[in-house]
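Order as written gives the chain letters A, B, C, D and E; numbering starts at 1 within each chain.
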Amino acid sequence: MDLLAYVAQVLIIILAPLAVGLALGVDRKITARMQNRRGPPVVQPFYDIGKLLAKRPLLLNSFQVVFAGAALLFQAAALALFVAGGDLLVAFFVSGTGAVCLVMGAFSARSPYSYVGGQRELVAILAYEPVLFLAILAIGLEGSFLVSDIGGGLLYSLPLVLLTLVPVLVILLEKSPFDVPTAHQEIMSGPYVEYSGPYLAIAEVARWFQLAFVFGLVTLFFWSSDPVVSIAGKLALAFVVLFVTIVIDNITARLTRGRMVRFMLTAGVGLVAINLLLLFVVRQGVF
Amino acid sequence: MSVGEVLAVILFLVPIIGAAVVMAVQRRQATVGTVASISVVLVLASVGLLLYLASSSFEVLVIEAQDLYPLGPVLIAADLLLTGVFVLIGWRLRSVLIAGAAAINLLLTIWLAFRTDFAETGPAMVIDNLALIMVLITSIVGSIIAIYALRYMREDPRQPQFFAATLLFLGGMNAAVLSNDLLWLFLFWDVTTLCSFLLIGHTGTEAARSAARRALIITLGGATAFIVAAALALENYGSMSLQDFPVTGLDGLALMPLALLAVAAFTKSALLPFQSWLLGAMVAPTPVSALLHSATMVNLGVYLLLRLSPSIVSATSINWLVSLVGGASFLASTILAMTQSNAKRVLAWSTVGNLGLIAMCVGVSTPLAITAGIILLFYHSISKALMFLSVGAAKEHLGSEDIEDMQGMRTTMPFVSAALFIGVITIVLPPFGMFASKWLISSAATTFPLLIFLLGIGFAGLVVFYFKWIGNVLSAGPVSERVTLRTDPLPRMYKWTLGALMVGAVGLSVLIGPVLRYLIEPFIALHFALPIESNDLSLFTSSGTFPVFVFLLLTGIIFLGLAFIVRPGKEEISKPYASGEEFEQEFETRGIYFTTEATVAQGIKLSEGAGILLVAALIAVPLLLEVI
Amino acid sequence: MSMLSSSLKNLFSRPFTTKYPYEPADLPPGNRGRVLWDMEKCIFCRKCERNCPTSAIITNKDAKTQTVIRHRCIACNTCVEVCPTQTISMVTEYSKPDIAPTVHVFSVDLPRHEYRVEHLPRYEGRPKD
Amino acid sequence: MALEDKMRARSPWIMHFDTGSCNGCDLEVWALLTPRYDVERFGAINRANPKQADILLITGPVTKRCEDRLRNLYEQTPEPKLVIACGNCASTGAPFHNCYNVDGGVDKVIPVDLYVPGCACRPEALIDALVLGLSKWREKAAGTDKEDKG
Amino acid sequence: MGRATTIPFGPQHAAFLEPLNVKLTLDEETVVGAVLNQGYNHRGMEYALSLDYRKSQYLVERVCGICSFHHSSAYCQGMESLYGIEVPVRAKLIRTIMMECQRLTSHLLALGHIAEAVGYENLFMQCFREREHVMMLVNRVSGNRVHYSMNVIGGVKRDLSPEAVKDVQATIRDLRPRLEELRRVFSRDSTLSKRTRGVGKLSRQAATEWGNVGPVSRASGIPRDIRQDGFAAYSMVEFKPVVREEGDSYARMMVRMDECLQAADIIEECLPLLEDGPVAVQVKGHPKGETFSRVEAPRGELFYYIRAKGTLGLERIKLRTPALMNVASLLAMLPGCQLADVPTITVSVDPCICCTDR
């Protein structure tokens, strides 16, 4: 039984980023359809990764690769911790480390766009990390920091917190209005400019792991004692959130970095605060 | 006298004697010899003290005043003398504030001495684990900095003065943390004030002098708060022994000593609104900054808070104010650090932030938070010293402390870059020591939901300003030859000191389990229920686990392994993308600082205002409670 | 907000995308694709060659061939207009990409509108000096 | 190998560079990316970055000033890569054959794999080129792979 | 301050269709200095154009693929005035219709390009979808999507058949609601207006000083539109130049959007005026003398100066193209803006390097 659970966890750790890859494929397809195009097949992200791996490596200096690899491993560790039912906070910080490693990778390539991209990625971190952190603390306040102990009810007690995860995901999915760090038309996909071939694939997969972790957070909001309902509900919730981000992407222009930070630190942080306050008031009233 | 007592006395007396020797001989060679040998003595003595305490399974070592016999009266005399000196300094500097504060201190000290019949009201010294940790930090990190300074200050014409002050500083610091009696503590508190004044003003330039003066004003103001608190403690609790501070039933005016001591601690630790002296102190030579920021001075403030934590915990009407001052300092300083491009200023703000965090931990008042605070204090000093000394080394080579000028340092100064990198990752990233405390604080802060908002933004800001800097250091183009750490044009003395700190920062992070179990928990256990367990591989709290070892291993594998595997030369090296243009020569970059000088000044004013309000509230609350 | 409605409308309506290459390209009648020679009519007056703005045509009176470099022809229709004998016609199909610039040689030996395919030499670039 | 080839063929990332064209072909390249022709159907996206591109779509005769830039970009593209000369001027420099500042054709500067005729080249022709190119790419990639092993 | 970031923006850049290099000096992300670096696209066309005035009919189209028809119209007008001939009315009307179609494609391109520059991908796609309708229309009418090859000296060489007229009518009727839909998005979308309003301001005065033309000048409140001169058939139709006062990227965008609708109006006005008749007059001999000719290209006043000496070759042919004037004014707009706004501003003047450099 124990072994079985262990195997299941390992499976989830492997499958979750793959699911994210698929989700990104679905995202591209839906986006294309919203733009009245046919769009790529849903497995396109996997083709891309496969293609990238088959390219001949080309790099500026080895630090880039070290940091891309580090990003991947840290993100994987964060996800592993999450799946193993570990401490959410630790997982969050580890995942943050992965994000920082990518920034370092961008900086270490001495290239103008990559440098500006790194700076912007830091700004993005400044924007989304507090919100993510607060969301996790709110989850910790409501349930537990241990994923395995959280249980249900978050959707009802922390709906606004779930809402704040949407802009976080918008940033992480590199979607407008907050695709500031990778802004294609300004800084040519920013931190990724100097990555190519297999190294780009590594950086990309690292991002998948990171997204898997954040989507994991989203799925925590749904819980049911029936495992089938639970899993179905979690997936449905994740899809709904993904769909909302896609819609947002398609009806907005990219905003500037200042607006991004301001929005996240006021609206994002504010929503968490309001949620906690309401919760407090309701609890006081009820008991 | 037991071995422990002897060691304790060595720890503070030897450096003070050393200072006298250095002043007397006035020759470089003698200075080097003295400083080096005293450093060795300090390191050995502090480790010896650790071993001694460990042998008695960390029982608290109490040293009565009569054991130290002629010392007591001498010290009281010294106390009066020193306060007198401050009056004189105030006179010389034509500063009413300094002279006035010093005069009040002098009068109160005399009055207190008479009140207590020139005797102590409790044990003179108490060596528990908190004191032990502080002694270890001061002695070992302080010694390393002193040795580093031997090289750094080699061309300074007034070396004896400098090193005398440094040694005195270390001795005073050690004595301060060992002292239990408030009057003793007050003396050594003032010793550190004096030393910091001397060291900050050492270069004698206009900027240095005004910075020293400002430092003196603020810390002397703190000292006044301290001595008033001592007097009030004597009145209210009937004792000036820190041990005897009541841990229950504090209310009304009885809170006042605590509140005032907290304010005194804020001034020492340069928390808002008193941060300006520490920022101004940046004009001093780098070893001074390192000393102030990591081994001595600012630690004393938060040490006092931690020391008083059992009382503060029970003082529920003011502890939230303490935590707010800490939290506000943390948030404001991280935001301000993001706007700085001078490396030392960045570090200074981050020190303010970290100390704020420790103060916040004390204010949060859960055992978990206090544990977090001590961990933070311990690891912060090592990493901060490492970073300051690296900046000093970089400055010697680059001639600048600006982080923009450090661009590409990875290829020119790999050793220093590695030191900076390790300094940053041990401060910011998991799974190093500081991170453990971050994690604990985050868990602990949930009892105080307002603080989590400060923390959330603050942590993100921390990442931003540190990595902006280190990114600059690591940013370098392709290198045809492999750069090795050995090729760094760095004096051997720097390599050794930086190396020792690097090893310490990483090694102690690996050993966080034992550190927690043997160094920190005994202190916590004295006063609280143990909030955290460790099995050397992981840390556990009631709400979470942190598999330290797994992550350390992972990090090690990641950085060392990848750096080993990935070597340049195997792959095709290409030119950076520059829209098709050749861009080698013209390339220049500059980081983001978000705002302008004017806004920064405004921000500082704003946060100082908030700090003043909070501190005023801290003093007003006991009064109000008394009135009600 | 009107973007929202149009996005959702797009999502549930048929994409505007053509199915090409899985269905033939929709070339309108009158599309200027490429020129064809009916060599039986040609009198080798060279008017086409002279008037071609991109020198895409090479008329060889001796060999009785008309050569058109497809990768030069801009389908301007001039040759069609100037030819006194209506030898040249424009068809809607465009010329196809190839691994070297294509040359089509029309000759009297070949049936009407048929041609021989040849290629211009390819250059392999030039290293930086 | 087969899997690799399949992946390659399904994810050709594009970089477009204008080396002095009249814009006609550039717009047809852009038309490829937009709803009507939507080459994302084939997995192609415009990365606009040589380091991440597989296929360079070059339009225009190479003006003297663009030569070095073009070569730079070409060198920054990792193997296996494909260069498609879009339009008559990229293929042979035809419409601008009388202009003194062009040398005629992209292949005078960098090796070109496919030449797309047309002025402007129709998007359909570009799609043909893409399809043709992907099959050609297999051979080319096999060449690079062998080189890597040998 | 000390250091500043320098970034080469272009020649190959995701925001640019064409090779333009703006060397930006940034203080953090604020542009403090911009150096425009042109000439990547210089092919030496003015020389080539002067070799053979007949072949130049086709070559002028290749000065620019976006407004090829305007170029050939300007050229042919110039030559016609050298010959001193009057073009048949039908030819004039056809020219007008085609020019307006081209204006539609060009403006929709520019609008889409702005949307792309601010990262509004969906809007970019919508613009290009509508543009594709016009492209398909002109393909049906002229036989090519880009270079119509319809103009000859003396008129047009390809007539509009009755079916084609119906086709144009139907397409424009179809297009109008779509354009109105686009206009709603462009004028009301809040994120878009956050990115364009007040960005890249160019005062009326500055616009005059920099000699801006076309939509850029009209967005700064200068009601200058060469179409009012009544070349081709513009004297036969009613229209008013679209003028806005703001002078920012938003205004430039909206001027183009409104001109799209105006183009649809003009086309619909022209269609009923078409009467049967010849579409070209024959010209004899080589031209001689000097002349100039102007048309309002999508980006503004396009000016041709031609001096002929009575041979196949021309003595001098000189183009002053609208983008040259507008691109230069970037120097007035870029300093002080954010890096994020650089693409928006550059694209909002609709830089067209191929004719600027020619």
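One rule holds for everything that comes next: contacts are C-beta pairs under 8 Å (C-beta built on N, C-alpha and C of every residue); 3 or more make two chains touch, one makes a residue touch a chain.
Since this is a predicted model, take the numbers as computed values, not measurements.
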{"item": "Common touching chains of chain E and chain C", "value": "A, D"}
{"item": "Most distant chain from chain A by Cα centroid", "value": "C"}
{"item": "Of all other chains, the one whose Cα centre sits farthest from chain D", "value": "B"}
{"item": "Interface with the most contact pairs, given as the two chains involved", "value": "A-B"}
{"item": "Distance between the centres, which are taken as Cα means, of chain D and chain A, whole angstrom", "value": "34"}
{"item": "Chain centre separation (chain B, chain C; CA means) in Å", "value": "79"}
{"item": "Averaged-CA centre spacing for the pair chain E and chain B, given as whole angstrom", "value": "66"}
{"item": "Overlap residues in chain A, where contacts from two or more other chains coincide", "value": "32, 34-39, 56-58, 112-113, 115-116, 184, 188, 193-194, 196, 250-251"}
{"item": "Multi-chain contact sites of chain C, meaning residues that touch two or more partners", "value": "1, 3, 7, 15-17, 53-54, 74-75"}
{"item": "Interface hub residues of chain E, defined as touching at least two other chains", "value": "5-6, 8, 11-14, 19, 26, 29, 58-59, 62, 122-123, 125-126, 129, 132, 144, 147, 189"}
{"item": "Chain pairs that touch, as defined at the top of this document", "value": "A-B, A-C, A-D, A-E, B-D, B-E, C-D, C-E, D-E"}
{"item": "Touching residues (chain side chain A, partner chain B) in the complex", "value": "56-63, 65-66, 69-70, 73-74, 77, 81, 86-90, 93-94, 96-97, 100, 103-104, 106-116, 118-120, 122-123, 125-126, 129-131, 133-134, 137, 140-141, 144-146, 188, 193-194, 196, 265, 269, 272-273, 276"}
{"item": "Partner chain A, residues of chain D touching it in the complex", "value": "3-4, 6-8, 10-13, 34-35, 38, 40-43, 47-49, 51-52, 54, 76, 78-80, 141, 144, 148"}
{"item": "Sites on chain A touched by chain D in the complex", "value": "28, 32, 35-41, 44, 46-48, 50-58, 184, 188-189, 192-197, 200"}
{"item": "Chain D residues within the chain E interface of the complex", "value": "15, 17-28, 30-31, 34-36, 46, 48-50, 60-61, 63, 65-66, 69, 73, 89, 95-96, 98-102, 119-120, 122"}
{"item": "For the chain B and chain E complex, residues of the former touching the latter", "value": "402, 404-405, 578-581, 583, 586-594"}
